[in-house]
């Protein structure tokens, strides 16, 4: 059963068609990789899914509801969590508060409840704190939750983004180059993490240029070039696809 | 119809001065992302310095009107540029790494400091430029009556705008200024001396403000120590209207603001003139959130 | 040629480099390996004088670089392609490249360099009028590298040049680095892709929490079991 | 905490030792402190560059003045209504402009402030009294206690400040307060974490404005005459300045800022002519001395569940 | 018990009207020094305690609080009507006599405050004189321009009502924004309305610019100004050419006062400060000072109730610097105060018969 369904998605900027007629499905519980040369339109696809851009044409269905025209925060509320290609943390806020941002959309109490210090509000705050700490523990960042996010090293900032996205309690998690700036050892840990996320019942869609990671975690891979889908299949199929080799992978020499 | 065109020329003359001040505003903003609230007071200082130099050196008597005013303008621009550079050094440079709004407060402090210093030196009373320095000639055209001075004001604003635009867009230093505006450290890695660039901007912007101050003094005759606040606010409005940081935008914004004010006064209500101008501004910003010529924000996620 | 002598660097109160010694000989490619947060980027920033050492010195051919402002360092022929690209988002691709050549005055030669750059990265030629901020992540990375090359430096500092680049392009970039080096440019390379970096480099240093723990020829490091375990994904 | 308690006690007994003038200076400081706290929500927490806050203050003050002079409704009874009208007004004007960025928003708020002031001067709807303003506003009457003298107002005003600080402190440390900080830090990231940024920006405006409207009510009661010049651009500038100077986003900072910005010129009064010049220079000096404000906001405190702390020590 | 008698002065020492306030202080300092040289009042020296109202109501309220704590018997000032208004209650509640010098708004004395007086006339009287003058000069179509300040709007409304009631046509009625430099848009619009005369009720800086720019536009319509245009700087701003022929209303200028008091005062002022006072309001502040000290002398008391009663009923035709002074039961100055002046080619203000 498909959780996310993209149909004939098209988006252009000025004269440039960044995404052209892209269709693919992401099945419930699967890990799907989205790859392609630089500028192929991968990030743009993510931005279309999360409502940062509106498609010129096409259809995006999540759990059979259309996402077209919805603002980003609504889409997140429906159960899609995301990370950004260039890290976008709340740099001067604490690690914990970054994750609490993710909890926000699952909380209800408003300004007046807070001002009056209602019990409901206090209970909710406590729960959120608990959940945020759990998310941090899940990615292994719960050691020093009150330090500002900017003090984390690059790789840990990426993990923090993942924790924040997890705190929104997504059904689908989309990751844009999560391994960027990580060394091989750290990438190994990330692979482990992605598998654990999936085993919690969360579907994952990811962009990555690290082929080691993509090939090992994905069940399905979609390849974009110049905005269009040029291949779709299992890692083995993709690795062997001459078009993908020519456009993206290059020949293995070592 | 005749009245309409007359009002249009009235508006353009006022707008020319707004534009000139707005150019300086926009330049400084462009590089430091700082709303330099003291810019209006540099304008005031320009007009007071102009008065002092004019009366004490008697330049126009010695050199004749045209040359006299030209020399005067250069002196005023030079001195105000110096004050501007000093301002940058004392009030803004120490705050370069701090939150943006802190620098805004420093700018407000500088504005208070300057205007009250002028008051202490020159007194609270209005000061008056000597009469008859500028030619009283007027052009009569299709029933319109346009004093020559106004054409000169408008003309010099346009000339300065074009010169500045060419400088910023076409020269290497200009590109360096724009780069420093975006990311100072990255600009340093290109070999750009960012402090020099900022200093340069704080020489050019205030010089333009000073020139505008002199113009106002010569043309309108009457100056006082609080006028910079009003002109500064108008120029800021003009800069935003055109898209802040954008040089032709400042020009367009300034002229447009002048015209809106004149036409608003003429056809709607004099008393509501400023409210009308702000109303139009707000409307334009709702339609075009970064001003008329403002660049789109190139931010990609 | 370039020498870091007992370099200590602090951010605020916290010291992140604790006395680093690195020597780079003319014509070499030297790579610095290290985990996240080890201080690799900080080292490069100190060389280009954007960050000032609290103790120690950076010497270029015997002259202290750390006493110069960053723009002077560039004039001495040191180009730095920084972490996180730092391209000028609201300027066009072309203007970004022009700024790379800010310190040069030989207009004719600049055009030659530009042609070479466009040949190297054809996509940039296509996008030369586009605002750099709207480029894709990888395109921005190419632009950052290209901009660094525009100054025709004697020493090139590269901070994770392969970040976010597609596999094919990573190969191209590494080949380019090799070519540039062959043309006589000295290179200091910081890379997460340690294997590729070591294949390219002549020598390497391993940095751990602000200290140099290992220094060897590239082959030596590739063969070192500790290095293999920590940076080359085991075995 | 101890220091704050001591300061609060000292403040509470101060009217006993001060003459009417200095008590009235404290009253003015209190009014600006309350205004500063309300603007702090918008500028300090949500990071929205608002230089037109006086408009909302004016709406509250005029609502109080008009209803009190026309219908003789006791002025303090009108306080919730003043908040409501100011908040509603903010909702209406802020909705179309809330998406504007930084300095564009700034000029629009200045514009709104000026439009309101000009409308008041021009006696809009024939009810604002034009440049004369509205006079003859009745003194507040609290259960038979008529508030008239400066030290009587002192307790009314500072009582209101205390309540404000208490409420806003709780608000800061809640989901609402955090949401404002998220959008200040990075709007795209906030939206991408599931926060309705437009809604929260609007709510910051509305709540801040409503509070300023209530302060307007107290101001009208204190002055018994209000006129447009009390709601000029300069007023907005003062409110803004005191926040940044004191420490944006920090309640103690804003209170201290009110003391500095409103109190210092009074202290410099001895210098008559040079007073404002010195004040301007002092503003620059203070900003350079503490670039983030004198008492900058401190990180929020959380009691992290023990489970995680245990791991830390392990 | 106190060894001096303290009299407050509240004026705009800073802000847009700072020049007015500073001159008020000069006048009072001079008069007090004079008086003290002659032995003071009730055997005590008089001390003037000046405070700054900044030309703004809230600053004024603070200044009033401050003055009220300093043991003053009376306060002179201030200039602007809305500024005065913000302080009236404070002085009244503290039982301090207030004698305003420039606040002409009608309502200030309509509140029944026992301790409030003013040496300047009211707007309604000025309005009446203005309308009489316009009728005398034979103007049929009148344009009225004010600046939306309390004072100017009040005067404009007053004149408008009177003119309309006698059937004169008002062809223009609007307000300019004070503090600007360019009024050509308004002048162009005014010209389009084709009036016989323009009555400008605002202040001299704007009046000067209006005259100057009107001249530059080559438009020769007569202008009449209210008493806020009475200031020699008007001619400096407008230039003699442009100012020539401008009419304005004012309390008689010091130079036109034949009284020996005025003459000697002016001489002394010039001796001390180098020039004669610019503002009639500064001189009116001086009259406030002289009236209150005279009342103390006459009643041999500093009791405010006695003083107020004396000023309301007993003081008759006191020889003030600006003419004879008496107060009615509201605290208003009685008698015709306003005169009409015209600017001649030399820029002198000539009293019209």
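Letters A, B, C, D and E mark the chains as written, and numbering starts fresh at 1 in each.
Definition applied: contacts are C-beta pairs under 8 Å (C-beta built on N, C-alpha and C of every residue); 3 or more make two chains touch, one makes a residue touch a chain.
For clarity, every value in this text was computed on a predicted model and none was experimentally measured.
Chain centres here are means of the Cα atoms, and by that rule the chain farthest away from subunit C is E.
Set side by side, D-E and A-D show the greater C-beta contact count at A-D.
The most distant chain from subunit A is E, comparing centres defined as mean Cα coordinates.
One inter-chain figure worth recording: subunit C and subunit D are separated by 50 Å, centre to centre, where each centre is the mean of the chain's CA atoms. Centre-to-centre, using mean CA coordinates, subunit B is 37 Å away from subunit E.
Taking each chain's centre as the average of its CA atoms, subunit A and subunit E sit 73 Å apart.
Put simply, the C-alpha centre of subunit B and that of subunit C have 43 angstrom between them. Across the assembly, subunit C contributes residues 134-136 that each touch 2 or more other chains. The multi-chain contact residues of subunit D, meaning those touching 2 or more other chains, are 121-122, 188, 192, 273, 275-276.
In subunit E, the positions touching at least two other chains are 14, 148, 175. Chain contact summary for the complex, subunit A toward subunit C: residues 13, 16, 35-40, 43, 85-86, 152-156, 177, 180-188, 209, 211-212, 247-250. On subunit E, the positions that touch subunit D within their shared complex are 13-14, 52, 56-58, 61-62, 65-66, 68-69, 81-82, 85-86, 89, 93, 105, 107, 148-150, 153-154, 175.
Across the interface of their complex, subunit E is touched by residues 3, 6-7, 10-11, 13-14, 119, 123-126, 128, 131-132, 136, 138, 145, 147, 216, 220-222, 224, 226-227, 230, 261-262, 265-266, 269-271, 273-274 of subunit B.
Residues 43, 49, 96-97, 99-101, 103-104, 106-108, 110-112, 114-115, 118-119, 121-122, 188, 192, 233, 237, 240-241, 244-245, 248, 273-277, 279-284, 287-288, 291-293 of subunit D are the ones that touch subunit B when the two sit in their complex. Interface of subunit D with subunit E (complex): residues 19-21, 24-25, 28, 121-122, 130-133, 135, 148, 150, 223-225, 227, 229-230, 266, 269, 272-273, 275-276.
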